[in-house]
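Each chain gets a letter, A, B, C, D and E, in the order it is written, and its residues are counted from 1.
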Amino acid sequence: MITLALIFFPLIASILVFLSGNNNAKKVALLGGLVQFVLSLVALSKYQVDPSSLAVNQAWLTSLGVNFTVGIDGIGIVLVLLTSFLIPIIILSTFEREFKNAAAFYALILFMSSALIGVFVSYNLLLFYIFWEAALIPIYFIAGYWGGEDRVKVTFKFFLYTIIGSLFMLVGIIYVYLQARSFDYTTLSALELTCSQQGWLFWAFFIAFAIKMPIFPFHTWQPNTYTTAPAAGTMLLSGIMLKMGIFGVIRWLVPISKAAFLCNGDIVIVFAVIGIVYGAVLAIKQDDIKRLVAFSSISHVGLIAAGLFAANELSLQGSVIQMFAHGVNVVGIFFIVDLIERRTGTRSIKELGGIINQAPLLSVFFVIIMLGSVALPLTNGFVGEFLLLNGLFQYHAGLAAVAGLSIILGAVYMLKMYQNVMLGESNEVTSNFAPLTLSEIIVLTVISATVIIMGVYPKYFLDLSQADIHSLVSSHCSSASCIK
Amino acid sequence: MESIINVIPLNYYIMLSAALFCIGVTGVLIRRNAIILFMSIELMLNSVNLLLTAFSSYSGDPNGQVFVFFIMAVAAAEVAVGLAIIVVMYRNTSSIDIDLLDKLRN
Amino acid sequence: MKELVKFIPLLPLAGFLVNGLLNKKMPKTMAGLLASSVMAFAFIISFSTFLSIKDQPNASFVVNIYDFINVGSLKIPFSFLIDPLSVLMMMIITGVGFLIHIYSMGYMHDDEGQVRFFAYLNLFVFFMLLLVMGSNYIIMFIGWEGVGLCSYLLIGFWYKNQNYNDAAKKAFIVNRVGDLGFILAIFLIFNQFGSVQFADVIASASKLGTGSVMLTAITLLLFVGATGKSAQLPLFTWLPDAMAGPTPVSALIHAATMVTAGIYMIIRSNILFTLSPTTCAVIAGVGVATALFAATIGLAQNDIKKVLAYSTVSQLGFMFLALGVGSYTGALFHVMTHAFFKALLFLGAGSVIHAVSGEQDIRKMGGLKGKLTITFITFLLGTIAISGIPPFSGFFSKDEILAAAFSYSPILWGLGAVAAFCTAFYMFRLLFLTFFGTFRGTEEQKHHLHESPISMTLPLMVLAVLSVVGGYANIPAVLGGGEYLAKYLAPVLAPTTEYIAAHGHKAHLSHETEYALMGASVVIALIGIILAYVTYVAKKAVPAEDGAELGFLHKLILNKYYVDEIYDAVFVKPLYALSSFGYKFVEVSGIDKLVNLTSDSFVLGSKVSSKLQTGNVGTYLLLMVIGVIAILAYNFSRI
Amino acid sequence: MDKIFYFLSFLALLSAGMVVATKNPIHSVLYLLVTFTSITGHYILFNAQFLAAVNFIVYMGAIMVLFLFVIMFLNLNEKIEPMKSNIMKFIGVIAGCVLLALFVGTYKSALVMPVQPGVDTQIGLLKSLGLVLFRDFMLPFEVASVLLLAAMIGAVMLAKKDWN
Amino acid sequence: MIALVILALLGVFLMMSGVLGIGRKSAGVVATLGIGAALLANTLMWDKDVTALNEMFNKMMIVDNYGLAMVGVILASAFGLFLLSDKYFSEITNYFTEHYALYIFALVGMICMVMYNNLSMLFIGIEIMSVSLYILAGSNKTNLASNEASLKYFLMGSFATGILLMGIALIYGATGSFYLSGIESHFVDNPDSNNIIALVGMFLLLIGMAFKVSVAPFHFWAPDVYEGSPTFVTAFMSTAVKVAGFASFYKLMYICFTPNILYWESVVWVMIVLTISVGSITALIQTGVKRLLAYSSVSHAGYMLITILTANEDSDLLFYTAAYVIASLLAFGVLFLVIDAKGDDKVESFNGLSKSNPFLAFSLTVAMASMAGLPLTAGFFAKFYVLTAAVKDGYIYLVLIAIVNAMVGIYYYFKVVIAMFFKEESSETISISVSPFYKLVLTSGILATIVLGVYPDLVYNLI
């Protein structure tokens, strides 16, 4: 039941927010987000007692023999936690901004959180797909309506691009349904297919996930969209939404395409690794901070993707924890960018500088989150990156070495950005930089604390998904076959 | 009187009807006068009538001839409506040239 | 004792947290006192640990704190290894660190960022302790990167100056290059040995056999890590720039402790290196090359801290030379003595800078010995120590290295000796230019000249004493010493010793040779000193002003062999260019164009198909008839 | 008998061709009348008396008069008759010919249905058709009235001038 | 059947009152109520044993659940549309009652088309519907566009009728029957039939029907006629007419020609590809919303045609038409108001609608999302069922092409959404007043779209 509550509570909350009027919307939304977070903690406690108690199986579409099957496993719980943890933070992060039609804005955020949770708990492929697409619509409107310059074109491209990917997946879904006569997770993972069937299915699903993440070279929508979307939208996109793609690979691509997943790993990893270096290199010379972070995100996600397809226990475990870590970090960075932009009216690195003189506290948070992002040990970024690189290294040492360049390049662009934005003498743009407000301090404190706590004691988070990853690896990744 | 069906093979009628039909189609294609176009279509309908009657007679089944009756009724209705439409068009454009109908296009 | 050990890193951490979190609310003087006192306690605990384990063969133990990462077969406990090596390092770190904290209270007295400074220093000590105390490579790596972070924060301590920030950034990034090597080495180690615990790795290392490719790869990668942290060729360029930080930082991080982390790491994994002669040769080569290279640059520098910085690089080169030739004890011995005298020298330099109102150019100093008596004397002692004049500490440690190098290859010894000569020369050049002659600065500076407060001179004196007597820790047998350090470290080096005992190919130098070598090195140092004296005291030469016409060689070393410029041209600029190029041509005009082209092609298709909708009924009818014909033709063809 | 067939067929085709080919709309109507007449002749050959009568009355009587009326009403004549360009005509004719060729080609290979001996030749008489129409085809017959009603309203509505 | 009678009488009644010039004001109410009554009567027949009724008219028409469901969709859409009719009639014509009568007659024709069991009923049904539509398309007499639309529709429509009739004649000649069952049994009895005449007849019949439902390459009339006709007629054509066309087409192909599928499979395959592609690709650059919806309707015809190819999936067609009709109603409902307020149907006219009238903007968004086939709307399951059936029958490439076109579809549907939400209105805001009937229809349309998007079984499991 708690699983259903997790899905539907935000939906109801979203309607309430919409009805509460523009003036109260943000408070009601925050309350909704917090309740949702509490719900997810309840789910977590239940999960630790008995994961199967979270499963729900209801008849739904008798015409297709589809049941409404949801449940939470070790990987799902991490992402559910991430979602319900970040949503209130994202809502709180907007407290200093005034939006036109605020009620709609916050309602869309909550609606999106409902869809996102749905994606992470679905054990039915059709249900998954519906939530998958449903998550896209609110973010499209958020980015398109409240976004910045050139929003219409950019967000529409993003919308189309991701939908195109999803439609390929839809073909795959239909096909696999007809093979199994079921959308059910267990049935599908037991399905035996021929090699070529698996191959086609792999690519059909992969393109959807690759665009969502995005993996090089399907990424071109991403920098523009991140740059254009309002901060909250960018946070949703980068913090949670791209995890849908990664999660999709773990939940569906691995069990469905089986052998094809393993034998296509090479190609995908090569592209992912290219993306790691490519994103990092391109980030270096960006002048717009948001765009810089967007490229850095391509780099980070490339590593997660490479780890996914390396498909060993270390790399998968790494990718799961890195999903959480990346979500937290990137939200933090985008929040900092937003509050700088709000105060100075610019995101141009060239125009900024010396903010530390006015807001030393901000620089502390900035450094902590930045360190998380460059994967310094004892921050959350390190654990994931270490496991991912290690797993990738087990897969192919050379690729891991190339991927490891991100350790260097990440420091290059991040430090460059930090230096040019925060350090040095203040200039006319930054000299009137107002100190942080309470809501900003709360957001940044929570994020920074998470960065450090996860980094210092990652075992708790790792243990959540350990068992499920182990069984996934042993059942699908170590050996998979197809009918010749 | 010996019936025609014993003298002329059915195929001849099929061919005749096809020929009439094709003349009708050709007329539709090569003329610009809406009324002539419409007459060509009538020609096509008549070829169908002829064919149905032929089939009907050759198989001794009256249904076909009843169907022809319906076609005639429909044709009459169509002619009434069609000519009305043409008249309206003429009122608006003082022409019944179909090539002038090009306001609606991409 | 075991219970207390975990407080050694926790104390500085606590100091960091208190200072860091209270920051503005913390009274400035309290900050220094707090930071220093946690260091004092940490040192006391370290020292008592030392007392409890020394002279006991199996006294090392592991302290488990908690499980850090447990994934599949990868088990990484957060645990500390307490053995002679780590305890020695802990003592150096907390001891020298304590002195420098004390010193900083004076040095940073007027700085508004004092609290932040002490917080960073404490944090640094915390990470440094993690580095040396970790019982596995991951904990070591945590410390390894952590000290890099603190180094970054402290170099850029005065963040308003973007040049300093550049230096900080450079330090961090260059270090990360090394870190990449290190972490790849860790992966190899894990994949090879199935564990990252030192104990497991050392236990199973010898199974791989001498000179195996795997071991060579591991050790080379580890060495890459070490070159980054310990500023060896080709990754040394950050260290001179790192002098942008406050002088106590240079003393603590960039002389005494952090930069020796690479040496510590190699000694920690000594058996791996012993088993791969190729790597050792590389290390020895790189070490001696660095020593020589940096020493020659040091000859012509005019910034007091830069000279010391290049000297540090050069001395680190000596240490690596020692590691390369298999003299782990020698390396560590030099780490220790170097920590004393280089910290001393830096602090002395700091005192000088303090006195001349922040001036760092030795051309604008001179004649300070009268005004800064304590500083002068202590600085002199440090200079003698580094130059390798007996019986100062530097003599013993350097001599041990050179002796080991000679037994490995006389050429290495020769190169090392040249470097030692340079060292003696430039150090005394520095001394003479700073303290002798007449003051060359402005009148105002002259007016302000003063000896530093007691909080600064006291550490100088303590370190001076240590620099003088530090050598007694490991006086070679040939001089009748007890080689105490060697014995103390024996448990750590046991695998190597056993391996050498088993394979027995280490030639021992005869006593005569050793005496000869010692004599030679003393003579060489003395020549250097005399040369410096003649040039800068007797002839009263002052280095040329900036922009003066110089000989090619002089210009070359003054500009540090243009290494920075070369790196800038080879790595930095191309990377930036690549970034711009990639964005403009690959991203925007390449991939994205292609993506847009797809949608454009649909629009084009739309335009084409729109053409069919002419609005002409005749055309429509014709098209319909063509459709009919096509279908009937299809039908006809199927008959 | 067969001679009548050939004659009527020839006449029908020729006049149908003239309907399409002749430039003057009134001539077209007249040629169409000839075509219909020949088709009526065919009906008579089939002994489809009812159809022959209806064709004569409805088609030739009502419909053709209506055509003629409209043409005259609109005062259409040869001079203002719009003609397609020759190339379009050519294409149209080619298309028609190809279609015919396809029909002919297809039918040539069709099985020729043999005429059953003893086929009722009286089906086309009023009595037999009436039975079928009012018994079997009762519903379409009724519904056709709706069609006529609709056409009636429509024609009136369209052709009538608006009051205002 | 009772619905048929009710409607026929209603039509006659309206016509007579028109002739007598009475009840002009209440004509709309009467017509709407009448359709409602017919809908009710239709619903009451559900699952009833109607053998006697079927026998009564010699099985010219068959009342079955398939027919009832399809007629239900048609009548419901007409009902909804009539609720939206208040403004439209008063503006373009004085002959309201006659107009209403024509719509009602068209509905009568559609019922015949859907429930026919004999080709004569099909033919007459089609003709009743078409003749009414020819007139309705041209009902705005002084408007050249309306005129042109009417004449184009008429000329091409009668030409297609000619082809259709030729087909019927040939089929009759070959099989000796006008009854569906008779035709079917002919094909069943001659499975490897190379009865060429029947095949030619079948193809001509196919073409004739394809024209009526605007399947490429016989779709050319649709965009022009949709654009030129009064908007209300366009709405009627793209809802009720479309459904009726497909219901009869499907029935024809499914019952009569399924045994022959090998002969026409590839033809229909090509038609589907052409229809979907031409529809959606040409729609890309359209600037008028009516024309855009016309091409969209062409493209949807392609999807619906897939059900004919896959056959035996009555529910697919039913669901698709239901979803499509609801979405169209929503879209046209908003379009009526916008055209009324702004005077044209350009996409730009929708700029800033979300600010001036969020409810309308939301309705249209739901409609567009449903047409585009986004999940949580009925349109998603509509496409999903159809494509699933196609994949099941092995038409993978067809599905891929359909999917590519669905992507293109999203592009142009969302052009309107973008205009409404993300673009600023150029001139000053005109607030559009929405009457209660509009609110009712639009709200129930939105609800229906979403409910069917979440729980499609509601309609899908009907038949």
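By definition in this document, a contact is a pair of C-beta atoms (placed from the backbone, for glycine too) under 8 Å apart; a residue touches a chain by one contact, two chains touch by 3 or more.
Predicted model, so just to flag it, every value in this text is computed and none were measured.
Visitor: What chains touch chain B and also chain E?
Guide: Joint contacts, listed by label: C, D.
Visitor: Using the contact definition given at the top, which chains are in touch with both chain B and chain C?
Guide: D, E
Visitor: Taking each chain's centre as the mean of its CA atoms, which one is most distant from chain E?
Guide: Looking at centroid distances, C is the chain farthest away.
Visitor: Find me the chain with the mean Cα position closest to the mean of all the protein Cα atoms on display.
Guide: Closest chain centre to the overall C-alpha centroid: A.
Visitor: What chain pair shows the greatest number of contacts?
Guide: B-D
Visitor: Report, in whole Å, the distance between the mean C-alpha point of chain A and the mean C-alpha point of chain E.
Guide: 43
Visitor: Roughly how many whole angstrom separate the Cα centroids of chain A and chain D?
Guide: Centre separation, chain A to chain D: 71 Å.
Visitor: Which integer distance in Å separates the CA centroid of chain A from that of chain C?
Guide: Centre-to-centre distance between chain A and chain C: 37 Å.
Visitor: If you average the Cα atoms of chain A and of chain B to get two centres, how far apart are those centres in Å?
Guide: The answer is 66 Å.
Visitor: Hey, what residues on chain D touch two or more of the other chains?
Guide: 84, 88, 91-92, 95, 99, 103, 106-107, 109-110, 113, 136-137, 140, 144, 147, 150-151, 154-155, 158, in rising order.
Visitor: Taking each residue of chain A in turn, which ones touch at least two of the other chains?
Guide: 160
Visitor: Specify, in ascending order, the residues of chain C that touch 2 or more different other chains.
Guide: In chain C, 599, 610, 613, 615, 617-618, 621-622, 625-626, 628, 632, 635, 639 touch at least two other chains.
Visitor: If you go through all the chains, which pairs of them touch?
Guide: Chains touch in the following pairs: A-C, A-E, B-C, B-D, B-E, C-D, C-E, D-E.
Visitor: Going by the contact rule at the top, pick out the chain C residues touching chain A in the complex.
Guide: Listed in rising order, the residues of chain C that touch chain A are 23, 66-72, 74, 138, 141-142, 145-146, 149, 152-153, 156, 159-162, 165-166, 169, 172-173, 176-177, 179-180, 183-184, 186-188, 190-191, 575-576, 578-580, 582-583, 586-587, 591-592, 595, 599.
Visitor: List the residues on chain C that touch chain B in their complex, please.
Guide: Touch residues, chain C against chain B: 610-611, 613-618, 621-622, 625.
Visitor: Can you check the complex and tell me which residues of chain D touch chain C?
Guide: So the residues of chain D in touch with chain C come to 84, 88, 91-92, 95, 98-99, 102-103, 105-106, 109.
Visitor: What part of chain B is in contact with chain D in the complex they form?
Guide: Those residues of chain B that touch chain D are 2-16, 18-27, 29-33, 35-36, 38-40, 42-43, 46, 49-50, 53-54, 56-63, 65-66, 68-70, 72-81, 83-88, 90, 95-97, 99.
Visitor: Which bits of chain B are touching chain C when the two form their complex?
Guide: Touching chain C from chain B are residues 25, 28-29, 32, 98-99, 101-106.
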